[in-house]
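In order of appearance the chains are A, B and C, and numbering begins at 1 in each one.
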Amino acid sequence: MLNLKKDLVVIGGGPAGLAAAKKAYDEGIEDVMILERDFELGGILPQCIHNGFGLHYFKEELTGPEYAQRFINDVKERNIEIKLDTMVLDVTKDRKVYAMNKKEGFLEIEAGAVVLAMGCRERTSGAIGIPGTRPAGVITAGTAQRYTNIEGFVPGDEVVILGSGDIGLIMARRMKLEGADVKAVCELLPYTGGLTRNVVQCLEDYDIPLMLNHTVTAIKGEGRLEAVEISEVDENLKPIPATAKTIKADTLLLSVGLIPENELSKKADVVLDDRTGGPIVNEGRETNIEGIFACGNVLHVHDLVDWVTEESQIAGAHAAKYIKNSFAKTNKCVDVKAGENVSYVIPQKIELEAGDRKKIPLYMRVSTPLTAVDINLYADGEKLYSFSEPFAKPGEMISVPLAQKTLDDLDNLNEIKVEIIEKEGE
Amino acid sequence: MIETKTLTCVACPKGCEVTVEYEGDEIIDIKGNACPQGQDYAKEEIVAPTRILPTTIRVKNGALPLCPVKTTKQIPLENMFEAMQIIGKKEIEAPVKMGEVLIENIMNTGADIVATRDMPEEI
Amino acid sequence: MSKKYDVIIIGAGISGCAVAWKLARYNLDILLLEKEADVATGTTKANTAIMHAGYNADPDKLKGRLNVKGNEEIREVSKKLNIPYKEIGSLVVGLEGDDLSVIDELYQKGLKNKVKNMEIVDRDWLFEHEPNISRDAVKALWAPTAGVITPWEAALAMAQNAVANGVEVKLQTAVEDVLTEEGKVVGVKTNQGDFAADYVVNSAGLYADEIAKMVGIEKINITPRKGEYYIYDHAKDFAVNHVVFPIPTPISKGIVVTPTVENNLLIGPTSENVESKTDLATTKEGLKEVYEGAKKLYPDLDLRDTIRVFAGLRAADDTEDFVIEAAENVKGFVNVAGIQSPGLASSTAIAGYTADILRDEGLTLSEKKNYIETREEPVRFYEMTNKERAKMVDQNKEYGQIICRCETVSYKEILDAINSPVGARTVNAVKRRTRAGAGRCQAGFCGPRVVDILAQELGIDPTEVKQEEGNSQILEYKIKQLLGSRVMGNA
């Protein structure tokens, strides 16, 4: 067993881990180590070969690999220690990190601070319990993406996709372009889970039918998938038997949601938020466990990598402060609450000393889609101010800054609440 | 005949709903875009839709069997499948660097096919 | 024809594997034949995995007699063969409004079957030992000798021990006919050629009736009876400490709620006769019944953290009993048929009983000198502490690479699963041996890696790697292979 000591250990070398490590380094913490279980850095990005990354952060449109490459280059320039093919098995609340790889064997690392950046995993068919058989050819869209874009295989040539999350939409186009017949994308809800631009440029461009209010009600086939039965659902999302029809398919891709990967966090007694599936954090992205921070998809599922980067810089900067002992909490905590039609807000609490309050963006999602909305902020029940947006969709995260005035006034507050409702008078 | 069409701008993830009034190839009015890019997008979308094509190319002796690539600029949507076939036939040799041109001026569109990541040799 | 075997066993489920394991201690040439690419892919892979205590089965039936014996034997056998087994005890819980007299009847039946240490416990006991149980619970029959086992691992362990003792196992070898001459068995015909033998044991599970018909036995008639399940992630935070049954009805033991050996929560099964012996489809109605049944015992249970649904088929003979007997019309043919529940719990006893029949039919059972009693314990990283893992990795760095993140399965474990006796040939076979892919992400992460390792170790292309049987390839095409293959509409 190898015993090591590091100022900062970052778990996960995706965009979140890379940005957090880079930021902490730039803030003066040079003893940084990134632990990544895959054979290369970049997280999910190397397999997201499509364009659509970086418009906010780099002000230009990049593909996933390009976005990752820029951060990989930055991290490499900085002499940050990187361990690839290294799986973290355990984290304790006193910040011991246990990991393993083929070259060095078992590692025990004592960390000054830890950034959790493990990303997320996909929901599976088992999790949604589709009746029928269990043949080959039913895989998650992300796994299919890895096969197609990294490993070099097309899983099948008659494809149905369940769920209209971004990965599903992207894979619909991807498999179509590689020569597969993509027969339909079914979505249980009356609206898509992914970005609108992906509906346009992945489905509409290629005449792939999007079937809203539809779901897969049976899987058929013994060896390999032979067909799926799809049915329309009623307003309670219950399938209507009379609408069932069978579509021949050898591949069913599932894009039915992402789940923050927090098994490690739980081992360190990090408390999770039921709504996000990720840790409860303060504005520095520190969890309830001192010195353990979280950012990126492990904290809450992001649709845009640019927000991952922004959030991870916040986490990296605060981890650096923590290591330098310049991190101080007020003895009072302001709760940030999700009000009407808001499914969650990050951070869930504000508790750092005022010196840190230059800018606090609130990240949130709506529960149901609306056009023409008011985003209203309340402090202890009193309306502070509102923003208007042309629309708000659950698939697209919203970032709202807290105004300087509010920041200055925070010490006198107990609770901030956000609601996103239909614009008044429309 | 004057027609109107509502498009979702895909030039950026904001995805504005842009309404275009047009007659044939002539644009009369564009509304709903939050930035000028939306205007260009809508115009093009009516006349001849174009897109970036991201895909992969086979690599010999690479650390991975495939290298991701893209067109350096948008190409007409109608050229996509032919472009895929041209790229599909080609195999490149590692190593390559991000940005390296792998196929020049594909189908005379003026767009090159470039690598979107570094692809080192197999170790 | 091949060399002549003393015994050919048809079907490598738990029954066939147990018979092979039992006979392997004698000086015999034995061949175990299985039509699929792995052992335990039939009923043995999809069931409730309970080593029943034995109070349920009718004392007058063979089931009743063999169950208690099998339950007692497994304690030692599981140690010798390193089969994961936990004796957690079972409860038959009576709720308010139930016919509670059934509990006393079961207790009496248990006494007749000689089940040890049973007790009738009251609600206070229940609330203390099963904190999540329904507040309507009144009393229960507690049978501490009941346990849970990993059924496919049990079959595999027995097969591997048998191989270590000289038994030959041939997979992907389907018996198409049983060959007889002058009223006597002489061998079997398979899709891989003919094999000669003096004795043939028919342990073909759902297909035992069809095999029996090959020698003219018509009285066995197997009806497939489906049972459906949900299985939960072992990270699910919901304590269930025993195998918990409701009050049984005349046709079924009801929906059980139980932890598995690996601490996944399992709920099911339903019980419904179906037409086809390959109908392993779960149904909306079945899954609903499972969930509602489980909710009666555990009202706080929800479907969050379920990771899979599945179904198994019981091989029910018309007699509703095990049919283990020598054929009357052909010498050398022994049926081990109708092995429905408690087939698993009875497996070692079934094997012993079968060996006795073979001896009575004239087979000489003389003990081997160098008989190996044990099976080496496979390394199970997921069960180890970090210290133990560190030690393993120090010994062999190939343990240092984790392939399945949910279940902490290392590269070396997967290599071993493929390269050990009765090695894994399919993705599911790897999963049964190592748990790679059995976790919450259901192979989303490790799937591509396992396919890759299988392809490499077996020297085949990844497009040839199968999930389980038949045409179950995971990947159908190489990239770019489909381009231009179909007439494509323009975008």
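The rule we apply is simple: contacts are C-beta pairs under 8 Å (C-beta built on N, C-alpha and C of every residue); 3 or more make two chains touch, one makes a residue touch a chain.
Fair warning: this is a prediction, and the values are worked out from it, not measured in the lab.
Q: What is the identifier of the chain with the smallest separation between its Cα mean and the overall Cα mean?
A: Centroid comparison flags A as closest.
Q: Between A-C and A-B, name the chain pair that shares the greater number of C-beta pairs in contact.
A: A-C
Q: Farthest chain from chain C, going by the mean of C-alpha atoms per chain?
A: Chain centre farthest from chain C's centre: B.
Q: Where the centres are mean C-alpha positions, what is the separation of chain B from chain C, in Å?
A: Distance between chain centres, rounded to whole Å: 53 Å.
Q: Express in whole angstrom the distance between the two chain centres, defined as the mean CA positions of chain A and chain C.
A: Here chain A and chain C have centroids separated by 39 Å.
Q: What is the distance in Å between the mean C-alpha positions of chain A and chain B?
A: 26
Q: Could you check chain C for residues that touch two or more other chains and list them?
A: Correct list: 479-480, 483-484, 488, 491.
Q: In chain A, what residues contact two or more other chains?
A: 148, 150-152, 178-179, 205
Q: Give the residues of chain B touching no fewer than two other chains, as numbers and ranges.
A: 56, 58, 65-66, 77, 80-81, 84
Q: Which residues of chain C touch chain B in their complex?
A: Chain C reaches chain B through residues 479-480, 483-484, 488, 490-491.
Q: Would you mind writing out the residues of chain A in touch with chain C in their complex?
A: Going through chain A, the ones touching chain C are 1, 37, 85, 87, 89-90, 98, 100-106, 121-122, 124-127, 129-137, 139-140, 142-143, 146-148, 150-157, 178-181, 205-207, 217-220, 222-224, 250-251, 263, 266.
Q: Any idea which chain B residues touch chain C in the complex?
A: Against chain C, chain B makes touches at 56, 58, 65-66, 77-78, 80-81, 84-85, 88-89.
Q: Can you list the chain B residues touching chain A in their complex?
A: That would be residues 7-10, 12-13, 15-17, 32, 34, 49, 51-56, 58, 64-66, 68, 70, 77, 80-81, 84, 98, 116-118 of chain B.
Q: Residue numbers of chain A touching chain B in their complex, please.
A: The touching residues are 46, 49-52, 55, 61-66, 68-69, 148-152, 177-179, 195-197, 199-201, 205, 303-304, 390-391, 396.
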